[in-house]
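Right after this note come the structures.
Two complexes are shown next, each including chain A; its partner changes from chain B in the first to chain C in the second.
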Partner chain A sequence: MSSASTTLATPKIASATGPSRSLTWQRWLLWAVLIAFAGFFLAPMYVMVVTSIKSMDEIRGGSLLALPHTLDFSSWGKAWSTACTGADCSGLQPYFWNSVMIVIPAVLVSTVLGGINGYVLSKWKFKGSETLFALLLFGVFMPLQVVLLPMSQVLGWLGIASSVWGLILVHLLCGLPGTTLFFRNYYAALPDELIKAAMLDGAGFWRIFVRIVLPLSTPIIVVCLIWQFTQIWNDFLFGVVFSGADSKPVTVGLNNLANTTSSVKEYNVDMAAALIAGLPTLLVYVIAGKYFVRGLTAGAVKG
Partner chain B sequence: MSQSPSISPARPRIDWLPKLVVAPSFILGFLFIYGLILWNAYFSVSASRLLPNYEFAGIEPYLNLFASDRFQVASWNLAIFATLFIGGSLALGLLLAVLLDQKIRNEGVLRTIYLYPMALSFIVTGTAWKWILNPGLGIEHTVRGWGFPNFTFDWLVDPDKAIYCVAIAGIWQSAGFVMALFLAGLRGIDDSIIKAAQVDGASLPRIYWRILIPSLRPVFFSTIMVLSHIAIKSFDLVMALTAGGPGFATDMPATYMYSMAFTRGQINLGAASATVMLATVAAIVVPYLYSELRSTKR
Partner chain C sequence: MGALSIRQVKKSYGSHHILKSVDLEIEKGEFIILVGPSGCGKSTLLSMIAGLDNPTSGNIILGDRDITYVAPKDRDIAMVFQSYALYPNMTVEQNIAFALEMRKVPKAERKVLVDKVSKMLQLDHLLDRKPGQLSGGQRQRVAMGRALARQPSLFLFDEPLSNLDAKLRVEMRAEIKLLHQRTKTTTVYVTHDQVEAMTLGDRIAVMRDGILQQFGTPDEIYSRPATKFVAEFIGSPAMNMVAAKRERNGLFAKGVELPLGPQVAAALQSHPNQDMVYGLRPEAIRFVAAGTGLAGQLTMIEPTGPESYAFVDTVVGPLVVRVPGKVNGQVGDTVSLAWQPGDVHLFDATTEARVSAPQPHLAVA
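Here is the complex of A and B:
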């Protein structure tokens, strides 16, 4: 193994012909391993889809991985509109729409504010702005458990406890540090000369933002929208703590449905419900995966 | 700072405008972050039980917290889970990144497959894993059907093993994310280093092991940071998979905090555990943030 110095003398031809001769079986092995891992990652999704279109009899009788005998989409309909959680039998539908109502304003407002903050923190730096940003950044990392108790009091005083509005506000505040980070790092890479040239032409703060910076921001806006959408749609903690009977988001609805103990367990309905709850973010991921990955890595590898 | 000369002196007239524009965000953001942290800290030394009560109770809640069996189990579970989760995700993610780095033709497709769990809620994947791992009809049932009637796999309902199920589901969810980070790191390495090593006759595994992977040290660092942060906060996955059970065998600080604060009527205990979580995260993250910001300034 420790032959680094001795192999120095090995002629270059050896390293050129060596790999190509043994290439084929190594490539095959590589492919086999990669595909096996793909199977590992896809297996739960496969099981969910297959289970959701089986009947309960078939589930009890057969294997987890077996394909269904007949395509039976009735569990999907049931999960959407008639499945029971305790005494409430309206399926996942109301929770799904609650999530939509929470996600849209929270995502849009936190993106707009993040964009403006990022613009100021990168192109209009003032004394202490870096420190302020660092202090805000801690909000990305702090465990949210810390805000739960006081925030529920605040929401009570504001009169929006247990409502969709309360959840919108919490998600908005919680998302702000992250969206600010996205835009600040993106705008930091725009050349300052661009801004200076526009100022010489007499453009002001807002004019520069709207006319010059915004048209260059499409990629980061997409990243931010997708990231915020995924985060807020998938949130469970805030949903379970701050929602009331008629403002529960879809993750809470799904969890209650899957853990309800009052009726006979219908795994096909549970799986259909899980797929319905996961479909919006999955769809966004499949369509715009590139931007999603950029959002993921932006948090960890900062530029 | 020196490369980007301050712009504002040129137009002192609008010097106040940027500050005014960000002021509301910062005021609300700081109130949300630091205001609530302090408020929560006060709850943690108050006499609050079922309802918030602002009477001062000293450090008694903390003494109760550290004396509580359930919190000890939760902390120990977090240690087990974090070790397995971080170690497993790093190993698997790094392996996938190295394998994908071999000029694979359909790399994009494979990457999409490895990473998709990250787009899903832990509640969604937890529901699926709960079904797969349940002893009644899941893997156990399936393997028995293949002709192994004595096969048992009941970790999910075994108080000593259920935490491993949480770790498996967690690794499955996050390995692709680690892969994406490492792959980005590998792609960022200068090709000439690899060429030089090849000229020296180093074998491919050796190049990775001795040159490329060591040069990914910063990526390791930030990945561990992010993963440990996910581990400490993990709440959804436990709730969906085991709800902290059987009993409180898979309780973690995050689920402990939730049940004390919102179902058990022990608000001060919940607040105290949240403060302990905050202190743990801060001990990991603050030095990291400090070094990151200092290095970007340079």
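Here is the complex of A and C:
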């Protein structure tokens, strides 16, 4: 009732003060500053995109910020399939697919397990579960370099060293503390009575999770997916250390591509390769970010 | 055999005792109220009946089945929570049908039951809504519908009305009572509100600090409170309590002799202790002509419409008087109070127990 009357009243106030406010010089200054900052942050991106579609001649001859004379996408093709990374000249393509093969299972499994962990640690507490959670938190704050040696040994024992499977496992394990933390804190805000009501209604552990808890988890699932995808896709350290010749992820591929010295430095190919390597995370933000906002508003657990 | 028996149920966390051996025998179809101040253990007891918590010792028997350690889903108990705990992701219809679905009731039968319940609770036009789109009273109804649809052998209510505003609370209270009269399902209802307790209960269990103080009908609880605590907790304004001492053959407070009925006087004769508490319901006291009763000064008047509460300072302490209509007088006036000796409740000041008919084991001692 009261909210309806306030929303009715607000437009009147806004229209009364609106015109005078939009004309003040402070307003202009604010916009100018905001646009300047936005331009500053977007400048590197602009340079990358523009450079990637220029020919080498144009890059050598022209200014860094100038627009290209002709649109030349050949460097994108080269970066994708023919550029040399060391001795091998098949572009970023194999690395890219390696990353896809690592990212998809690692993100999905770490999110699912994190969800179950969070559900147990918040709604099915047992003796020692708080301690377990506290220990798990170490995993979030632990510097990753610490695990390099023991992890390579473990991967060796398991027989999955230098393979895509090894990288999946590493990312899965290192992602779990974070995803567990996300879900546990989100579920802590879900009323316990909801679980109790479902228990009395006859649902068990899994039924409650699937039918009651998961449908309320959209926002945190999306947060988790974005977070994990970005972490794993952008990882370089594990990619360098634990990968074999044919399991290197795209970040390592990009590094090799940029460091492979031929007669000339092909800036346009380097830029296109960097953009290819960065595009998936960008895409995830664009697609999932929308769901994220939608999930936040639609999933409101109130009441 | 009772519908629900709670036998010597205790609950402790380490050295902290939440429930200290509670016994309750509940008959089939009864509406039982568990009432007491917060922290008295009433909600813990309810959780244990529901199976959401386990007692440290003792047994809970539903019908002829010991359910002390049975999982909640196998108890045939439905519960209405204080926060309603409606599933926000499901429509009203899905909320009501969820328990039936979990119990593998066929879809057609589910529909019939949901229709019946929603009609009974006037929810039929809301079936497609989500709980977030409902008002407080409607959510409350859905929560009851969800419990009703299952046709359980026992209903539990955990302070179901405390989230509603005063007017709606009175309406829903009446609805719950009507519902119980119609379905006759055995019900255990937890509240801290003594008005809810008195109006709804067939029998009331008053609890305090994990101990059952008294278990009886509203009338018994009100007219023969077993302890000083029950006497003060039930009834608003609370019972007047006057600290008194036995002297010679009577009872005195600050030098004023307090009138006692023959029964209470006889009981007092065989009572060992000296310090007593003399209790008087506000409605037992009336104003009398000046100079005849206990003199006092009117300090405050609270009119409520049909009746008024007058606060009077007397030699024996402040007393509240409940009079029908308005109070004849003004703050500062000197007034006289009197009451029937038969209306007196007498309690031992140390044990807080009611002093009534002579107790045999004391006679032996």
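Following the convention adopted for this analysis, the second predicted complex is superposed on the first by the 263 of 303 C-alpha atoms of A that agree within 3 Å, B and C clash if a C-alpha of one lies under 4 Å from a C-alpha of the other, contacts with A are read in each partner's own complex, and residues count from 1 in each chain.
Throughout what follows, a residue touches a chain if its C-beta (ideal position, glycine included) is under 8 Å from a C-beta of that chain, and two chains touch if they have at least 3 such contacts.
Since the structure is predicted, the reported quantities are computational estimates derived from the model, not experimental observations.
A.B. asks: Could you figure out whether chain B or chain C reaches more residues of chain A?
C.D. replies: B
A.B. asks: Counting only touches as set out at the top, which of chain B and chain C does A:Phe73 meet: first, second, both, neither?
C.D. replies: A:Phe73: touches no partner chain.
A.B. asks: Just to be sure I read the superposition right, which of the two partners does A:Val284 touch: chain B = first, chain C = second, or both, or neither?
C.D. replies: In the superposition, A:Val284 contacts chain B only.
A.B. asks: Looking at A:Trp28 after the superposition, I want to know if it touches chain B, chain C, both of them or none. Which is it: first, second, both, neither?
C.D. replies: In the superposition, A:Trp28 contacts neither chain B nor chain C.
A.B. asks: Quick one: is A:Leu132 in contact with chain B, with chain C, with both, or with neither? Answer first, second, both or neither.
C.D. replies: It touches chain B, and chain C stays clear.
A.B. asks: So, does A:Pro215 touch the first partner chain B, the second partner chain C, both, or neither?
C.D. replies: In the superposition, A:Pro215 touches chain C alone.
A.B. asks: Contacts for A:Arg207 in the overlay, against chain B (first) and chain C (second): which applies, first, second, both or neither?
C.D. replies: Second partner only.
A.B. asks: Is A:Ala197 touching anything from chain B or chain C once the two structures are fitted on A? First, second, both or neither.
C.D. replies: Touch status of A:Ala197: second partner only.
A.B. asks: Under the stated touch criterion, which partner chain does A:Trp97 make contact with: chain B (first), chain C (second), both, or neither?
C.D. replies: Neither partner.
A.B. asks: Could you tell me which stretches of chain A are touched by chain B in one complex and by chain C in the other?
C.D. replies: 196, 199, 204, 300-303
A.B. asks: Tell me, which parts of chain A touch chain B in their complex?
C.D. replies: Checking each residue of chain A against chain B gives 4, 7-8, 10, 12, 14-15, 19, 30, 33-34, 37-38, 40-45, 47-48, 51, 59-60, 62-65, 113, 116-117, 120-121, 123-126, 130, 132, 134-139, 141-151, 153-154, 173-174, 176-177, 180, 192, 195-196, 199, 204-205, 230, 233-237, 240-241, 251, 254-255, 258-259, 267, 270-271, 273-275, 277-278, 281-282, 284-286, 289, 292-293, 296-297, 299-303.
A.B. asks: Can you check the complex and tell me which residues of chain C touch chain A?
C.D. replies: Touching chain A: residues 50-52, 71-73, 75, 77-79, 81-89, 98-99, 102-103, 131-132, 134, 139, 146, 150 of chain C.
A.B. asks: Report the residues of chain A in contact with chain C in the complex, numbered from low to high.
C.D. replies: 191, 193-194, 196-204, 207, 211-212, 215-216, 300-303
A.B. asks: Note which residues of chain B are touching chain A in the complex, please.
C.D. replies: 1, 4-8, 10-11, 14-15, 17-19, 21-22, 25-26, 28-30, 32-37, 39-40, 43, 52, 96, 99-100, 102, 104, 110, 112-125, 127-132, 137-139, 141-142, 145-146, 172, 176-177, 180-181, 184-185, 198-202, 204, 206, 210, 219, 222-223, 225-226, 229, 232-233, 235-236, 239-240, 243, 253-254, 257-258, 261-262, 267, 270-271, 273-275, 277-278, 281-282, 285-286, 289-290, 292-293, 296-297
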